[in-house]
Structures are given as structure tokens and as C-alpha cells.
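Below you'll find the structures, each written out as C-alpha cells.
Both complexes below contain chain A, partnered by chain B and then by chain C.
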Partner chain A sequence: MSTPTIHEQGEQKAPDAPPPRQADTGPEQHAAPSALQRLAGSPKALLVLLTVLVVVVSAAVSGSGAWPQAWTVDIRTPLNDLDNWLVDNRETSPIFLYFLLHISNFAETSVDAIISLFDSMGWMGVTVVGTLIAWASGGADLSRRALRTGGTALGVFIACGVLNMWQATMETLALMTAAVFGSALLGLLLGLAAGLSDRFERMLRPVFDTMQVMPAFAYLLPLLLMFNIGVPSALIATVIYAAPPMARLTSLGLRSADPAALEASASLGSTPWQRLWTARFPLARKQMMLGLNQAIMMCLSMVVLASLIGSEGLGDEIYQALGSLDIGTALTAGIAVVLIAVLLDRTTSAAGERLDATVNVGTTRLMARVRLAVWGMTAVLLGVFAAIGSSLGEREWPDAWTVDITRQLQSGVDFFTDHLGTGVPVLGGTVTWAHGFTDYLLNPMRTGLLTTPWWALALLVGVVGWLVGTWRAALTGVVCLALIGMMGLWETSMDTLSQVIGGLVLTMVVGLVFGILTARVERVERILRPVLDTMQTMPQFVYLIPVIALVGLSRSAGIIAAVIYAAPAVIRITSQGLRYVDPAAMEASRSLGATSKQQLLQVQLPLARKALLVGVNQGVVLVLSMVVIAGLIGGGALGYEVVQGLSKGDLSQGLPAGIGIVCLGIMLDRMSQPAGQRPRE
Partner chain B sequence: MKTKQIRNSVIAGIGVLGVLSLSACGAADTSGGGGKDDKVVLAEPSWVGAQANAAVVKKLMEDELDVKVEAKQMDEPVAFDALDSGKADAILEDWHGVPKKQKKYVEEKKTVVSGGDLGVIGHIGWFVPKYYADKHPDIKDYKNLNKYAKDFRTSESGDKGHFIGAAPSYSQHDKGLIKNFKLDFKHIPSGAEAAQLKEIQRLYNAKKPFLTYWWEPQWMNNKIDMTEIKLPKHTPGCETPEADAKCGYETNQLEKFLNADFAKSDSDAAKFIKNFKWTTKDQNQVAGDIAGKKMKPEDAAEKWIKANKATWQKWMPKK
Partner chain C sequence: MSETHESAGIAENAKNAEDKAAAKSAGSAKSAPVISVRNLWKVFGPKSHRIPGDPELKDLSAAELTKRTGCTAAVRDVSFDVQNGEVFVVMGLSGSGKSTLVRCLTRLIEPTAGTLEIDSHDVLGMDKARLRELRRKRAAMVFQNFGLLPHRTVIDNIAYGLEIQGMAKAERRAKAAEMAEKVGLAGLGQRRPVELSGGQQQRVGLARALAVDPEVLLFDEPFSALDPLIRRDMQEEVIRLHREEGRTMVFITHDLSEALRLGDRIALMRDGEIVQCGTPEEIVATPADDYVRDFVRDVPREQVISVRRAMRPADKSEANGGAELSPDTLVSDAIETMARGGENLRVVDDGRTIGVIDYACLLNVVAGLDEDGEGEPDKGKEVAAV
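Right after this comes the complex of A and B.
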């Protein structure tokens, strides 16, 4: 996993790292005694202390620290002009006529074609062919893997039908098929370029880094203006969002190919093309499969969000149900989304495992033929069903076979929210807690950030960025901050920043507690795993309304939604980090008579510090990606600006706010990403 | 090495150019694939009233006129773009929330035309729950709001009163009003209608005081009692620009808008949509069934259609 040098670097830097306003107090707390001593002796620590002092004093003296009015640049007017130009020329300008509209028309026709294919296959055809494909991906034999994958697929299709979500599921699946195809293709091409050429790699890396912290909402709006509402915008947004992981992993796979194998291939006299086809690609297959898997998952989350800009399917179903506060229906559609995620995840990971197994073990010629035959049969069946499927009975899942669970779900959620909201004896309930959280954490933090002069804050960002990462990180952070100021978004951004930090603190607390529990107690891990999977794939829209019932329309509601979304990743990273701590160190501490608690605090946590930092970084990115969603339920600030810009189609309002979120994201990402550590995969 | 790199770049460049020029062979079709001739696309804004309109129109058109109808969810601003491009054929309930786009498309580009009144009267205003207004009757005048501001404080609004603002796409100038009337309130917007409804449901059930942007027709009014705060009377144009706004909201005749080509086509579908007109009471009945009783929109529409044959008979195009 990690080379010793990097590890040592992390060791040295981490004690100085925790920025005073940052949330990564986790590692610091536990390493407190030694950190304090080192603090006194280290010039870097003194620097941090000095900066903090400057920040506090200047905040106290000046009382208000907004970015100077004179330094803002008016970007609204040009954006308004651009907006008007786009609307006027959308149908006449050559850029649109000869280029962009081709893309959008192609997107539209292909999705329409897939939908009508599903439609003419009928529910029976889709189920049979879908199950066959899953089974074939799992190996097309009687092994447990193949049967399990096929069984999962069959179960998912039946469940979606029984839940009365068949039509919406098919629409989502059609959009998914097109989006996955598009992003896999784009990702593959970019990954190929980055994997083979160093120059491309250098060019694409910062782009991918930015894409990773960029909330998808930030680019929905420009797409909306270019491609209008509907399928094309949704599809293109999804492809942009999901292509980077595929590209990244493809490039990684190509680059990490065994040099010996390449050398052997070269010495046999193969041309570069032959080498690519016969050696590099096959060796990178596993990584590429992983990339595809990630791309699919990201496509799914995006396809659901895209209902905001007029795509159909399950996301639309959820969004519409929320309009009449029908949580039952929203939750049912949410379950269907989770099921599709399970289906796609199992199928692709089974295919990945199988590829891996064949590479290692090899395959018999007979088996290869059988597999080819199964794929062929699937293709034939696809054709047959497409031709006659609709005459085999109803196109849609028969109504008689559906079960309506929306009411039960609704009353379940209602019961839960009613009793937790105010009904808890002594402790008061979630509403009271949320008020406390706002009064004692969010409000002071927002006031603090707003009263700190902008230059003091920039200094703090610079110093922390430099100490944690490199001078380059520091510079990026400061530039981002300056951009925010120049766009005239200082105050709203500070409001958002205070919420992000609040959310991050909560996420880290939840992440650490559950991470430690899952790492140490086997049973908790087993119970929690499906819960975490669901939390990650359940569309965020679904829990927005219950959250309001719990804490009211407020910033806390947005933060809770963010924590639900971000905590699973942090929990996973923490627990993995703890579990992979060198067993020798654990054994040594045990033989020295350390208690379980001592072991955790003094051995496991310090040794897993690097994983914990990765967790913080991941937490930052994920919490930030929820800022816009939080804007939907009272988070206000930048998120609301984006939502309003999006729903009013107002570029001059939505785009700067979107850029503001991206700037905050890059800044926080650089501040929490230790030097020498490449971004997460 | 160098020459090879150059050669590769040249090949790549030619490839990209080739693809581009291939795609440039023909001008793209601008009509937008969504608005196919055989299918009528309705823009359906996110609120339940609009859902009720669309459900009834869809059901009647499909059963009586044998026209395929698709209701696509989109809010007013987006809907106007869709009407302009032909991706949608009609919006049945417009609150005049996007005057800029309305002017641009209806008056300048002439791609969108009015389809007449919906018959439903829309009213927007500031409201407090009746249980609170009964206790403090003089709150009904906006001039007295400051007297009670402290009752409305929350942790979100700090030492000011909390004003629950509207969802982002709705017509509103509350921020300007609060500033210009020097009210001791903080405008806190709702990010979505659903969020606002849920919050009001929660506060109402807990019998808490709250001041909110609220409107009629609204299905929740069947379940909760609200009292309006009197704002200065609306005169045309008094709310723009928002910074100078000093008046309440216009009482709106909600209007239908059609894509110009669709309207001109004079098909049965277009005639039917132009004739479609019902009352606030009718709409509330269907909306209440959808949202209050959790009926499916189609079922709620069917129920209304069965009971009100006389009303919808008049909408049918004359043969």
C-alpha cells in the first residue's frame, strides 16, 4: 500500500497539520501529549500559532472583514449578455447548428431508441435478457458466482415490478445505458491518452482533480442553456460527471502494467500497437473494470439528480412525490434506485472478478466456447424479444402483481419523525438539539468567519495549505479565496464555509465512532455494511423531507443530509485504516500489556493517521458536494443561489455561485491533502 | 522520438478535424425531438395544483380525443424555454412568475402565445396561522409586524423574526418588502416547495407562531387555517425592481400558454387545451385527493371526471 518514505513524511507533518479551524481534530486529540511537546519546538507550529493570533486579534479589532467592494468585478453583466445571446442564437448560430445540436439530437434519439427497445421487449423480455446478461457476466456456468449474479438480477427486476415502478425503472435504465456507454467511451479515450502520453497525463490530472471536487450542480446550468432542458442536458452532465474515474483508472491500469511483461513483449518484436493490444490492455483489464464499476455508480446518482433538469425515470418519480409530501412513494422509488445500484454493482464486479480469475488461472477452450454461445444466445434473444416481446403479454408489469407499500412506509417514517422530533423525554428531541447546534456552533462560526478580515483568512489558508501540502497548494487556496471575493460572493461563501465545517465536524465524529466500532467489533461491521451501502446509493432527495420533519427548515437540515451522505465513506476509510495497522505493532503492544483502550488510542489511531487524513479529505469533498442539495432545504447561501439560478434559468446568478462552491472545494481539498499523497482513487 | 511525436499529433489532429467536418455535413434539426406530432407534451410545474390540471387534461384527451399526452415536470422558467423550442406544447397554469421570458417569447419572438385564462384565481400573500392571529388580532396589518417580531425568532434568524420565504422559482419580492418596510424580520428562503410545506406542517402541528409566504389555491389549505397579513395594494409594476418594492402581490388570473406552432395547428388537442377552464374549487378537489388522500393523479382525475361531466363537455372541440 504505502511506501515507508511517504509514511514517515506523514508522521512528521501531521502533528503540525491540524489547522485550528479545520475539523481534523481526530488525530490531533489522540496524539495530544506528544504533539504539544513538538509544538513548542517546531518553527512551523509557531507559525500556525502566530497566524491564528493574527486572525483572532484582527477579527476582534476590525469587527467586520468582508472583501473590499472596490475589488469586486462585475461578472453579472457579461453573463447576462451571454445568457441572452445563447437564448437568441440557440437555433441559428453555426456552433449550435453544426456541432452542439448534433450532439443533443444524437443523445435524444439514442435514449428514445433504448426506451422503445425496452418497451417492445415487454417486461418478460427485459427480465429474461437482463438476467441472462448478469449470469453471463458472472461466468455463464453453474458456479456460485454466476448463479448469484443472475439470481440478484432476476430478484431486482421482479422487485422493481412488484413495487409498481416498472415504467420509471425502465426509463432510468435506458438513460443509464446511454450514459454508461458514453462515459465509458469518453473515459477510455481520455484514459488511453493519459496512460500512454506523459504530456496528456500532466494536462488531464488537474482537470480530473477539479472535477472530483466539483459538485455536479455547478455545470448543470450552462448545459441547460446550451442544450435546453430534457434528456440531452441530463445525459451530457452525467457523462461529464462519470467519465473521470474511468479515465483515471484506465490510465492507472496502463501505467502500472508489469514492466517485465512489456519488456518481454517488446523483445519479441511487437510493434507499439501490438504491445498495446496484446499486453497492456489485457493487463489493465481489472483496473478498467473497476473504473467502469465506479463510473456506473456515479452515473446512477447523477441520473437521479438530473430529474431537476427534466429527465425522466425514478428521479422524476421521487421529485414529483415530494411535491405532495408523499414520502411513501418517494421512498419506494428510492428503494428501486438502490436495487438498480445493487444489480449493476454486482454484475460489473462479478465480471471483474471473473476476468481476474481467468487471467490467473486461464480458461478451458470449452468454457470459452460456452461463454461465447451464451452471449450469442443473449443477443439473439434480445432480437427475438424486441420483435415479438410485446405480443407475449402486457408491455408493462401486470398491475395485479404489484404491492403498494407506500402507505406503510409513509406511516413508518411519520412515526419515526414524530417521536424523535420532540417526543424524547429529558433529552428534548432532535429539534432542540438542532437549535443548540445552530446556536452554539453554526452561528458563532459564521459570525467569526464574517468578522475575520479577508487578508487574515487568506493568510491562514496560505499557512495551513503550505504546512499540510506544498507552497503550490497554499497558492491555489489563496487564489481560490481571492476569486470568491472578486465575484462578490464573500459573505454567502463564508456562510457556506461555516456550514461545511460544521458538517465536516459532525461527519468526522460519526465517522470515527462508527469506524472504530466496525474495525473492532465484527458484528457491528456485518450489520452496518448494508446500511452504509443503502446510505450511499439512496438518492438524497428521498431523505430531505423527513429531515425537515426532524429538525425544521434550517441549516441543520442541510448539514444532516450532508452527514448522511458523507459519513459512510469516512466510516469505511477509518475502519480500513485501523484494520490494516501493522499486526506486529499490535502484537507488540499487547505483549507489553496494553489494555484495549490504550491499544486503540496509542497504537492503532496514531498508526492509521494517514488513512484518517484521507478520510478528512474525502469528507470535505463529499460534504461540499451536498451544499447545493442543502440549499433545497434551508441551507441558504451558495447552495440556494445555485438552486435559484438553475430553476430560474439565470446564468448570472447560478454560475458565479457554482464557481464559488468549486473554489471553496479546491481550497479545502488542498488544505486537507497532505503532500506526497496523490488524490484518492 | 521527436518526429514520431509530431507525426502522432498530426494524425490525431486530422482525426479530430475529420470527425468535426463529418458532423458538420448537415445542419442539425433544431425542432427538438421531444415535440413529436402524435404526442402532446404538457409542462407540469412542481406544485400539486398543476399536477391536478395536467392529470385531468391528460385523462380527458387520451380517453375522449384519443391523443397521446405526456406531462413533463418543469417549473415556469424552464417551461417557457421549452414552449419556445417546441419541447413542450402547453403550460396549463402560469403565475406570471417570469415576466422577462414571457415578454421575450410572447411579444418579441412570438414563439409562445397565450391560451386564455385557466379560470383558477391565484393569490399570493403573507400569512400567519389563525391560532396566532386570534390571539393577536392587530397583527393583520403589516405595520404591526415589528411589535410581534420577537415571537417569531428562531435560531436561524437570530434576534430578528423568521420569515419563511418562497421556493426559488416562485414569483416573490419579499426581501425588498422587508427592507423597505424596515421590518425586524429576516427573509429565509425555502429551497423547494416541498420543504416549505413540510416546515409549515411541522410548525402548525406544534402550534408555533410563524410568518410565511403563502398562496391559494393550495391543497394544504384544506387542512390548516391561515390568516393573511394586509400588505399595501398592488398596482401594475410596483414590485419592480425588487429593491424599491412597496406593495403586496397581484391577484392573478392564472393563464395558459401554448407553443405558437401548436396553437396554430388548430388540432383537436390545441382546441381542447384552449377551451380548458375550471374553477379554484374544482382544482382544489382534485389536488386535495392527490396530496391529502394520497390518491394517484390518474385516479383523482377519473373521480372528478365522472362527477363533473357537464363541466368538461364544454371543453370538447366542436365537430
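Right after this comes the complex of A and C.
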């Protein structure tokens, strides 16, 4: 504790340090070494300063520093060849006939089966069974939790019907059901392997680490390549995207099971299987439930996004509406997606809470029986409705009961754009701000990045990576940067990079301010927590809609969306980091009479440094994943290339950009990842 | 180590323990030890198996060994026997290897070298199935951190060992309820472990171990995590159980007073080795070296040492006068008797006066001046050699 305090004291005295004209006051000079002296004492700071100096000077001198043309490799031609080969052989090649086609058929059939099940149940059946399942997950009793969960489900189903989104909702739910099942199963198996075998854990961890850094966007193209446009691509992309958190948390749960309990089990002579079933799995189930919750939320995010590669449902509604700038419809579908997100999150977290509760408070046998009965009844009802549901009324939500709010939403958005977008006296308006942001921050930054010679940038990446993490991180970062250059994506990537940096700066400002506020002011925390909870569960795609309404199609729109998307996580990490600072250190500082500000600056922030770095890391990853999706709404750069590649089915355009995004992601992750630790879910 | 001395010492102690056991549960005493450990080693680290066999490496000190090989010897060349019905306490500071030692007994930690027999069965040679059988039926363990399953009720936690053995649900629950009652948990069967206090949780751990009706109970610092008062309660509980059932127990602790209270014999460990093994009285009265002496310095000696060790030879004139004491009477009791009567006491064994206790004898014990000079020096040396 003493080190940061002393350091901070030095910092504080720095302003008092004698400027040249006061240089004659000798003793003070000894007490407070000048900034330059202190810099010389810290080789790391000196190194950073030198590197920055090199970067700035070289940028100013050379004027243009893009990756040399001669060092690029043509990857478009082979990709085109591959694409052609795929088109020609999709029907005949044994890889497709005997492997991929089976997977894709299976995926298609299962989703179709679920859709037709929903269909034959009718809207009434789906609503009743869905509500029952939610209620049963909440505990199937008259407690507040159970009633709230059931009520939420009922409300969500009715709202989706009333919004005239019933059919799309059912399609999304069907895809979700299949995807959640698939990713939970895959995640469970991988997690089991990683949890029980050290070798598997060592093998899988870097894979998961990389997958966690990869923006959702990057998953789409390779799957399009293998499965063509359609539901199978969407389903499989979702399963792959959402499996890691389940696997990670399962493995974590299995590994962090109380060693004393496991040893006790072994000491009583249990076989390994008995140990797994009676001790390890039950001890891990809280973590596994958390994993399932995360997997479900990621599934939803991807299912909606996968409308770009042919998933139907709410995502498709949004995608189509965005394409024709029909903000009203997009907003309506967006509301439905948010409602579903709330429903799924509430239901799974209620089940998770109940898991906690059963550990805390004894459950009576009667209640256990009631619960079993409710689940049984739900299953029976499912069957009954599937058989006769469609004769009980219309399959879809009755038209008479729908309310079209798209027009109102549209006019609201129009009003907003007309009156607040531009021309507000003095303030300027949202669109004006966005333009200002683009003109005065983004453009200069992009120009700056483009004029910096590539080697200077690589040097900077290397130095930062080495100082923050390890030499290996530095090497990975530089290699990623070189790959980007070699693929001929230097300029587009610098564009994306400038957006990421802009977004990250804003995110960190927002995150720090609100993080400090939530950590220190109880009321802010109480108000913000539910908001953050909801925001963290919402699919990425949804964030784009209100942003277009606010600032129109532009790069700033994407960045604003990215900031809104990334800020909750950063706020949360910052506030947790600040709040969990060693209480003894806080107490010591208070007992020495430190003011609130001194406590924050001298104790909390320095001690929470690790958490803040984790926040930066998360911020980078989240901002990047959103910035590239903003390619859909005028973000340009790499994201746009991917969108173009997807919509034209042009592999040679989309795939390099997708790889570029991944490279950028890994590079940024390594540059912001403190050595020796990984952010945990 | 000198085998002869050791076995002599053990035989002597075994006789004591056997007498006790026989007194408690007549007929259950056996001549062969329940647990027999010879030259047991547990070395952690790279290529650890070569160290016990290497004449040069095996005599290195702990620090030297780590420096030379990167290995840590948690248990070094340990030998002892545990007799039927005996409470055998292994005591040492943290890091002395005592917890590793007790885990080696059922191979929860695999020993590196040595021999280990339980009921004359070679434990180290057992295959997995037989080892499980040993853990299920012969030896059950109570852990420092309880090791309860938080998702199960108290009853199901107690029944866990029986469940592992494959006993039917109704039967094992009935047995578990019986055990819950025995350890004072009646009425708490449907609670979950988190709803219990630390002491109650350890009662669950104890009941779980008792439920499988093991021949040997192994305790790994079971009460260190508990408050002093509750710890005392639990110690009483163990003493009561031992008095009622006469079960053989191996008890690990770092608490000297706990060791003295519970142990029929105590093995004192340091750096993986047993420095002294003997009855509480032997350890306190004749410490084997300065380490042990330091360890037992603050022990109230009058409560551990018997008059047999404190008495001086009787003069002819003293052979008949004064109150009589049996040789096993504690000095503290003798002090009380003398304070009441005010005259010298006779120590009488089989109707024969074998010694006399006067003020000086008693004060010597209290002041710690009796060591080596008094009592039975030969026996003290013998123990020290173990």
C-alpha cells in the first residue's frame, strides 16, 4: 500500500515543484524531484515517451506511411478460386455430401420441426406453455420471484403479439431453442473435458480466449462459405459463438469445487463416477447455470445478427427495415428483441437464484413434489396443445388484437431528427455533434494513423504490448499488424482502428465517471444497476436502431452505439474494482484523515489498477465488435467490407476483412491485457 | 534408528494402551497393531521417488534437499504402530507433514516409499477396488474444513458414505438419523450445512465418518477451525465416543493441549520426521530434544505427570505412615491430598510402598526441575531414542 501512496504524494507535489525562476530555493528541489528527473528514474515511462516521439516525428517527416505495396500478398485470387470451386462442387463433393450436408440438413430439420410445433400449438398454446415454463423456473409457487418470472413471460408474449411481431418472434424463438440446446450441449461436453482433464484445459483455453476476442461479425463468413446462406449457417454460427461461455464456466465450476468435499468423497471410497455425479456436478451447478444464462444471451445476440446470413425472424425484420431506413419497423422489431432478451434473462437467472436459495433454505418434500407436478403438467400441456392447439383458434396472434405502432414511432423519430438533429440554438443538435465528432476527432485521428509509417506503428504496438503484458503479447500484436498489412487492408484497418480508439476513449471516460459514481454513491448504484443489467443482456444489433434515429447514418453513429454497448461492462468492472479495494487500506487512509478525494486518488484508484486495466481490455473488445457491426449503418471500413462480402456472397471481399477484424481484435486485446491474468466472465 | 529400542518402547506403550482398551471394551483387544507404518516417505517434487532410496539425499535437511533437488520431503522415514482401541495423536506445527501423513494412511496422497499395513493388509499393494473397500469400511476421515456437500441436507450428508457403498435410501437415512442423534444433531436433519454453526458442521462430518462404522477414525485437525469453547465441547464429544465405543483413532492436531487431553500416545513431528513418540507424560517429563522441550515448556506439568515419576525412594521409617496413592495418580491430585493432610504421601503399588512423595518432589514437578534427574531416567532415555 505504501508504494502507490508515496508515488501519489510525489505526483501531488509536482505542481509545486519549482519552475525555473524559483530554482534558487534549494531544499524544495530535493523534496520534490522535477518531472524530468522522475521520468529518467522510470525506464518504462522513458521507453513509452521515446516510442511516441519516434511515432510523431516519423509521421511528420514521412507524411505517408502505409504498408508497402510490394509486401502485400494477393489473397483475392485464391479466395475467388475457392469460392468458384465451392459453387461448382457444393452438390457433388464428398465433403459436402457426407459431412456438411448432413449437419446442415439436421439443423434445418430441427428448426423446422420446432417452428411447426409452435405453429400447431397456436398462439394460445405457446403463451400458456411459455408462461408455465417461466413460472416453474421461478420456483412454481406463489413467491414473488415465481410470479414475477411468470408474469414477465406472459407480458412478453402478449406484447410481441400486440406489436404484430408474433410470426417473427416464433421464428426467432424456434431458432433460439435449437441454438441454445446445441450450444449448451457442446459447451457442456467441452467444459466437462476441460474441467476433468488438464490437457484439454490447456488445449481449449487459448481457443476460447481467441473466440472471446473475436467479434460476432467474424463468425458469419466462414459459415456462409460452408453452409451457404440460410438457417443452417445461422444456427451453426450461433452454436459455435455461444458455446465458449458454457464450456468455460462448466470447467471453472468443476475445477473450483470445494477440494475438501471432493477429498471427503474420495476418503469414503467413492469411485470417480460417483464423485462426479454426487459431488463435482452438484457443486458446479451454480456456475453451470450462469454459463447457460450467458450462452442464452449470446445465442440471442447471434441469432438476431445472423439475419445477415439468412436467419429469419426478428433479426431479419430489423435487417430489412434498416436496409430501407424504415426506422419505425426496425424499432418495433427491436422492442420485441429486447422483450425476449428480458424474458430469457429473467427466466434463467430466476432458475439460478433458486439454485442458490435451495442451498440456503431447506425445501420441503411437498414443495419438491409440487414442482415436479408442475413440470409434468407443462409437458402434458405441451403435448395437448401440439395436438389440438391449432383448432383452439388461430395459429398466429389474431390480427384484430394488434396495434401498429410503427407509424407513430416513425413520426416520433422524424420529429426528433427535425427538431433535435440540427439547428438547436447554441447547442447544435445531435447530428451536428456527430458531424463535429467525425470532423474534429475521427478524421484527424485516421489521417494521423495513415501518415504514421507502418514500422513506427508496429514499434508502438510492440512496446505497449510488452509493457502491459509480456514479450509474447508484443510479438502477437506485431504479427497481427503485419498480417493486416500483407492482406492489403492497411488503410481500411486504420480507419477501423481510428474508430475503435475514438470509441474506446469515450467508453473509458463514460465508464470511469459512472464507475466512480456507482462505487461511491449508493443511490446512483441502485438506479443504474437494473439499467446496466438490462443493457448487458441486449443483443448488439438492437443498439444500432436508436442510434440511427439520433444521428443518421455515419461513422459517429457506429461509435455511439459502440460506446453505449461497451460502457455497461466497463462501468461495472470499474465500480467493482473500486469497491473491492482492500478495506484495511481504506480504513487506514481514513484513520489518517484523508479526504474523500484523497481516498479516491491515493488509495482506491491505485489499488484498483488491475481492475481498470481489465476494464480497458473489455472495452476494447466490445467496442471493436460493435464498430465493425456498424458497417451496416455507415461505419464503413472493415465492417462495411464484411457486410458487402456477405450481401454479395463475395468471399474475396468479405473474408480478408473478416480476418483483418480478428487480427485487429487479437492485437488490441494483447495490447491491453495485463500480464498473467485473463478477465473472467 | 535403533530398532530394538523402538520396538521396546512401543511394546511398553502398547501394553498401556491395551490395558486401557481392554478396560473400555473388554475382549476387543488384539495383539497385532491396527495400523503399522514402517519407514514411510512422502516426497513432493520432480523425480521424488529416487530420494528415499538415495543414502546421500535422504539425510539432507529440508532446506538443503529443496536446494539440491527441488523436492520437499513432507514425510521422512516415519515409523509407528497404532494399537487397537488407542487414540494416537500426531502433533506438529503447520508444515510439519502431519496432514500429509494421515492422508498417506488411506492413500489419499500416494506415499513415495515405505510399508503400510492396516489390519495386516498391505495398503500400498492394493489395487483401486481394494483400496476403495478399505476407505469404505475400514478407515473414515474427519476433515478440518468439514468437506460437506452444501446442496445436501444434514441427513443426506451423513448418509453419503453409505450411499457410496450402495445402501438403499430408506436404510441409509435411518442409519444416518441414528448417527445424527449420537453426535447431538437430533432435529437438525433436514437443514443444509450452511444453516449450521461450525461446531455443528463438524458434528455432521463426524457423524458421516461414524455412519460407515469404520475400524479406524482418522481426524485431520478437525477442530482447528472452531472457537475455543466449541473446540472443547467437540473434544469432550470425541472422548465420550471413544469411551463408549473404544474405536481406534488417529488424531492430527497442532494444539498441544488437545493432544495431551485426547492422546493415549503422541507422536511429535517436525520437518516430516517424528522427533518423539510416547505417552503424554513421557513427552512432557522427558523431552527428546530442545525442540520438544520448547514445545512442552508451558504445559502445566502437574496435570500430566504422575507420582510414579515424581516420588523419591522411601526410607525404612516412611514405609508405613501417611496416606496412600497409586503410582498413576497425577501430581496435581497429590498436591491436593497433601494440602489437606499436610504430611508426606506413600506411593503404593500392589500393597507395597514403592516410594514417597514430599513437598520437594511436588514442587520439583511444578517448577520443572524433575526432568532427567528424577523418576525413571532409563525409561526417559529409551523414549528419547525413538
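Keep in mind that, in the parts below, the second predicted complex is superposed on the first by the 559 of 681 C-alpha atoms of A that agree within 3 Å, B and C clash if a C-alpha of one lies under 4 Å from a C-alpha of the other, contacts with A are read in each partner's own complex, and residues count from 1 in each chain.
By our rule, a contact is a pair of C-beta atoms (placed from the backbone, for glycine too) under 8 Å apart; a residue touches a chain by one contact, two chains touch by 3 or more.
In this text, all values refer to a predicted model and were calculated from it rather than measured experimentally.
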Superposed partners chain B and chain C on chain A - clash or fit: fit
Chain B versus chain C as contact partner of A:Q274, first or second or both or neither: second
Partner chain in contact with A:T210 - chain B first, chain C second, else both or neither: neither
First, second, both or neither for A:Q576, with chain B first and chain C second: neither
First (chain B), second (chain C), both or neither touched by A:I229: first
Which superposed partner A:S120 touches (first chain B, second chain C, both, neither): neither
Which superposed partner A:I548 touches (first chain B, second chain C, both, neither): first
Chain B versus chain C as contact partner of A:S652, first or second or both or neither: neither
Larger contact residue set on chain A - chain B or chain C: B
Minimum distance between Cα atoms of chain B and chain C in the superposition (Å): 12
Touching residues on chain B, where the partner in the complex is chain A: 20, 23-24, 27-30, 32-34, 46-48, 51, 72-75, 77-78, 81-82, 85, 87, 98, 101, 104, 154-156, 158, 164, 167-169, 188-199, 201-203, 206, 219, 290-291, 294
Of all residues in chain C, those that touch chain A in their complex: 106, 108, 131-137, 140-141, 143-153, 160-161, 163-165, 190-192, 194-195, 205, 208, 212, 218
Chain B partner contacts - residues on chain A that touch it in the complex: 87, 90-91, 96-102, 104-105, 108-109, 112, 224, 228-231, 307, 309-310, 312, 316, 319-320, 322-326, 328, 406-407, 410, 421-422, 434-435, 438-439, 443, 544-545, 548-549, 552-555, 630-636, 639-640, 643-644, 647-650
Contact set on chain A toward chain C in their complex: 258, 260-271, 274, 278-279, 282-283, 285, 358-362
